[in-house]
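Here come two complexes built around subunit A, the first alongside subunit B, the second alongside subunit C.
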Partner chain A sequence: MEDEQSFSDICGGRLSLQRRYYSPTCREFCISCPRLSLRSLTAVTCTVWLAAYGLFTLFENSMILSAAIFITLLGLLGYLHFVKIDQESLLIIDSLGIQMTSSYASGKESTTFFEMGQVKDVVINEAIYMQKVIYYLCILLKDPVEPHRISQVVPVFQSAKPRLDCLIEVYRSCQEVLAHQKATPASA
Partner chain B sequence: MAYRRRRGHGQTPSAVLCVRPGSLATRRTRAHNICMVSDFFYPNMGGVESHIYQLSQCLIERGHKVIIVTHAYGNRKGIRYLTNGLKVYYLPLKVMYNQSTATTLFHSLPLLRYIFVRERVTVIHSHSSFSAMAHDALFHAKTMGLQTVFTDHSLFGFADVSSVLTNKLLTVSLCDTNHIICVSYTSKENTVLRAALNPEIVSVIPNAVDPTDFTPDPFRRHDSIITIVIVSRLVYRKGIDLLSGIIPELCQKYSDLNFLIGGEGPKRIILEEVRERYQLHDRVHLLGALEHKDVRNVLVQGHIFLNTSLTEAFCMAIVEAASCGLQVVMYDRVAGEAVLPMDKRLDRLISHCGPVTGYIFALLAVFNFLFLVFLRWMTPDSVIDVAIDATGPNGAWTHQYPHSKKEGENNEMSKTR
Partner chain C sequence: MVLKAFFPTCCAAADSGLLVGRWVPEQSSAVVLAVVHFPFIPVQVKALLAQVHQASQVGVAVLGTWCHRRQEAEESLDHFLEGLGAIFFHEPWLQLCRERGSKFWSCKATRRQGPGRPGAPCEDQVMLVFYDQRKVLLSQLHPPAALPDRPAGDAAAGAGGLAAVFDTVARSEVLFRSDRFDEGPVRLSHWQSEGVEASILAELAKRASGPVCLLLSSLLSLVSAASTCRLLRLWPLPFLWSKLSTCGQLRHRLEQLALVFSTQKAENPTQLMRKANVLISVLLDVALGLALLSWLHRKDRIGQLAEALVPVADRVAEELQHLLQWLMGAPAGLKMNRALDQVLGRFFLYHLHLWISYIHLMSPFIERILWHVGLSACLGLTVALSILSDIIALLTFHIYCFYVYGARLYCLKICGLSSLWRLFRGKKWNVLRQRVDSCSYDLDQLFIGTLLFTILLFLLPTTALYYLVFTLLRLLVVAVQGLIHVLVDLINSLPLYSLGLRLCRPYRLAAGVKFRVLEHEAGRPLRLLMQINPLPYGRVVHAYRLPSCGCHPTHSWGSLCRKLFFGELIYPWRQRGDKQD
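Now for the complex of A and B:
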């Protein structure tokens, strides 16, 4: 089963949430941001080049122009490869664990996996972020020595930053899976 | 805290500013969303801090929603929950002096506005004139068109440079505050004079203590000598310099005099120096930081309670020491004056605060308004999530909804605490 819903992020941008239910105990949530728009790319390039041209008329050194070209190219590559995340997904399988994947605009993917034994819970928390107070979904990891304590809080959907209504959808689904996992302790 | 622990058991203490559950029958139909703003809150200790805490708890009991905004204390930052779902925002603002944040009048607007919008705040209640954040919040609240209340906890002089400046700031920020609460009649007189206010918008609500917590115990003290007890934070404002001046003189004059000093602070070193210089180790005892529950045990050991505070408007410690005449005060006053439109606000600033200051702050108010318009354009109110209500009549913590949305949030909250 698969469905798609559209939500907004904390700045008012559009996001789409895809839910894939492979089985009652295996679910995947995908949040995709809009791709890099041509307009913002043109705007940034134009500003850099205009600034470079201004400096060029002042100092009359053509090195500045070539430097500007290199800076825009390298900047764009770096941005696409290290900063811009197109899609973030959360895969939860009750007998195995939770996997978080983020795919960058360049195609690079980074994946983190937490075994179910490590996971204590999935919760929604509040935090002060920049000049905002936001809600975020996070995975609580158990301390390996003392199972009742939390050793780490791992935020999910860090770059997309969806709003609360979207988080609640994901949270409820995750809780259903976790409840199922707790009800069948044979796997533990 | 003795008070706090009792509350944990769901019992209503008969203490400070309290409203008993019985009086909930007269609960008003309209509940407010109140935001307490002050630089001073727990883990910092003092009268203002406990006042804000107790007041918030009582307002929650009356069915209002209360949040507290203060600045981050070391590692304690972000959002925390206290008893009964009282939400505290510890904002990452720079501390300048004496736990008071630096003020530029503008830099705190984005965060404060975000909080006011997401919590749907209707009344801003600022505390203490020493707190820059409280003044900032009043200023921003007026720009956003919210109702404001201010509680003044201290007395101030008129003569030296620092009080002249603080008084001017107070004039400006109180001139468009809807209502002001003072903790004693002396304090009211002082505040009205300092801020050139209309006395009619100033109310007096004195503090009180729980007499069962502060009962006398004559057997604990030794009647052969006279013991003077001082319990206060050892800081400049509490007059510790004065104290260090009189200790040697008194000790010289009366041979049967002992001092018992409880509290901690930067001025402790002065007292230690005095003790060292005049060899008073057996007569001046420094106890260091005291837990609130130990205060009574220290107080009963003495004959005389000494308070040297320079700025106290209503000294809780004196009441605790005297520990009689319990007053139960009902806090029931929320300002009713209409919010002034922008142009009237400017007129008032200019006419009320003197030509130079008036114009400067009118200009600042205009800038603040433009900044607010810019912020509203950057992040419209509709984009800001409404915070889940932890207290009040529809609080996520007070009700259990078996299989509904609220229950899930309920769990989240308690786990993330």
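Now for the complex of A and C:
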């Protein structure tokens, strides 16, 4: 069962949240970030090339122009492959674990999976970010030796940064699955 | 808890039969390892499972039945399969069924005795997780860095359900040895059932490695015995060996080769990776060294180098002479104390003159020496770079001497100044109490002390300037040597085999797993595909870094500045194991 809703992130940009409900114990949430805008790309390319042309008129060396083209291309490829995240998704499967995936604009995907035994809870935390107070969803992981201690806090949707209304939707669904998991503990 | 059935993708097209694998009760998961096909005799199946259990210490059992319906309405097969539940008892009993041409499966897991209601059978919900058996067998899980205050054994136990799956598949290798061409009593389906994979080259290499390792390790022990012989322990030689970085590098390489060619088998995969990394690193080193050697000998570059060496040394000496003349005049407009300036300047000039004469004396032999030294590049590029660093150190020995003279003079002056400054204020350093105490001096003591203090203070700028100039030169040489050492360190410690493995066979080095939800239909069990999440390159380098020579700077920036200010000698590139000064 699929569902799509649009929300906004902390800077006011538009995000779209896709919810997939595979079964009562398995849900997936995908947040798609706004794509790379043509305007900003053109602006950056023009600036770099104007600067290169200025240097060329100063030094009369045509290598500067080809170097500028190389730098622009490599910079764009590097940006698309390492920096620009297109979509972030959270897959929660009861009794298996929670998986976070970030897909970059070049198609690269980076995935992290936490087993259910490690997950203590999923909460919404408040934080001071620059001059704002923002909310973010995070997964609390527990220490295998001391189950009452929290060993790590892993923030989710770090580059999409959705607002509280979107986070509440995700939080409610996650808590339903986690409650289901806590209600049926592991059989010995 | 939902029951997780880990099913190998290779068995998804197999004929109907029995599911054989391991049940992990803590995770409520069933790891299916193989499918036993009809016809079979139950006694023989049980015997095979007992054999596998003994060989691999994995609790393999019959977990349930697998039904792959090729035609419509095979009800007789269903009844037959249900009857098998009575022969092979397992709690819970798994029944997987697949229709021909359909992607969706039906799964049932029944328990004879449900919780709280003895005697009444109950069904569990089943989740199917497909996994690639070959990749899971060959991969090695790298859990995130364990905390230092915990023993390593705990980490493995607490790692969770997925580590158990990997462990089960890895240890059940003995089950996968039979393929469909074997004439055994039982017909199995698993990833190697189409034919066991093997490579002739790998088998030959394994057979040959035994005697080759024996031969090479005996040769290496001979070499290391020769290097520790009594002749080489006569006094000036150990001092020289410790100062030359080439000897350190050669010793390091010898140790590494001894590790690689030792006749002991590697106990765990980490040791095997280390051996492989060392071998590839040594081979690359030797290859680069041979390339350098061929480049040097082409067009007689060694001769050109030798011819250029003496004029370069002359040029450096000339520049130093100009520098000293400049210092003896009015450097940067500062006014020096004429007499001290002349003394120091003439002293250093004479030293320089001696050095130049020495270089000119050596010049006929330089080409021969360089040629023989160039041959050592066949031992590896790192050895050649270490020799280069040592040659630079030898050629700039006069700069080192000047630095030591300047530093000692400056240090003496600073010590004298600080002690006389205390006298000037009426205090004294109490050696017993290790602190500054007040002291009443006699008049003549005060008079002489103040006089000496004034003299030292006004001579300070001259000495300080010489010290500054020579320290800067020395730091320049040290920086160049440091760069070469960093390069040598890089070649020594980079784990090339692991990086190559990560590039070509990413499933071998696993950081974890990732799941993908396959097509789902309401009412059918959830199907997931488990894939291996490879280790990022940074973690590969961090985990498999080879130990390097240990030439790290022992000072922090703060202590370095402090030592420079007080005129203490700095030795930035100490070898590991040297006594601290």
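Simple rule for what comes next: the second predicted complex is superposed on the first by the 184 of 188 C-alpha atoms of A that agree within 3 Å, B and C clash if a C-alpha of one lies under 4 Å from a C-alpha of the other, contacts with A are read in each partner's own complex, and residues count from 1 in each chain.
By definition in this document, a contact is a pair of C-beta atoms (placed from the backbone, for glycine too) under 8 Å apart; a residue touches a chain by one contact, two chains touch by 3 or more.
From a predicted model like this one, the values you see are computed outputs, not experimental measurements.
Participant: Under the superposition described at the top, does placing subunit B and subunit C together on subunit A give a clash or a fit?
Facilitator: fit
Participant: Taking the superposition as given, does A:66 touch the first partner, subunit B, the second, subunit C, both, or neither?
Facilitator: Neither partner.
Participant: Could you look at A:126 and tell me whether it touches subunit B, subunit C, both or neither (first, second, both, neither)?
Facilitator: A:126 sits against subunit B, while subunit C stays out of touch.
Participant: Should A:42 be classified as contacting the first partner (subunit B), the second (subunit C), both, or neither?
Facilitator: In the superposition, A:42 touches no partner, neither subunit B nor subunit C.
Participant: For A:96, is the partner it touches subunit B (first), subunit C (second), both, or none of the two (neither)?
Facilitator: Only subunit C; A:96 stays clear of subunit B.
Participant: Of the partners subunit B and subunit C, which touch A:113 in the superposed model: first, second, both, neither?
Facilitator: second
Participant: In the overlay, answer first, second, both or neither for which of subunit B and subunit C A:175 touches.
Facilitator: first
Participant: Can you give the closest approach of subunit B to subunit C, taken over C-alpha atoms and in whole Å, for the superposition?
Facilitator: So the smallest C-alpha gap separating subunit B from subunit C comes to 12 Å.
Participant: Jot down the residues of subunit A that show up as touching in both complexes, subunit B in one and subunit C in the other.
Facilitator: Shared contact residues on subunit A (touching subunit B in one complex, subunit C in the other): none at all.
Participant: Okay, in this complex, where on subunit A does subunit B touch?
Facilitator: 8, 10-12, 121, 123-128, 131-135, 140, 163-164, 168, 171-172, 175
Participant: Hey, which residues of subunit C end up touching subunit A in the complex?
Facilitator: On the subunit C side, the touching residues are 1-2, 4, 25-28, 115, 125, 127, 129, 150, 154, 158, 160-162, 512-515, 517, 520, 526, 528, 533.
Participant: How about subunit A: which of its residues touch subunit C in the complex?
Facilitator: Touching subunit C from subunit A are residues 20, 22-23, 25-26, 28, 91, 93-96, 99, 101, 111-113, 115, 117-118, 144-145, 184-188.
Participant: For the complex, which residues does subunit B have touching subunit A?
Facilitator: 77-79, 89, 91-92, 110-111, 114-115, 118, 379-380, 382-385, 387, 405, 408-409, 411-412, 415-416
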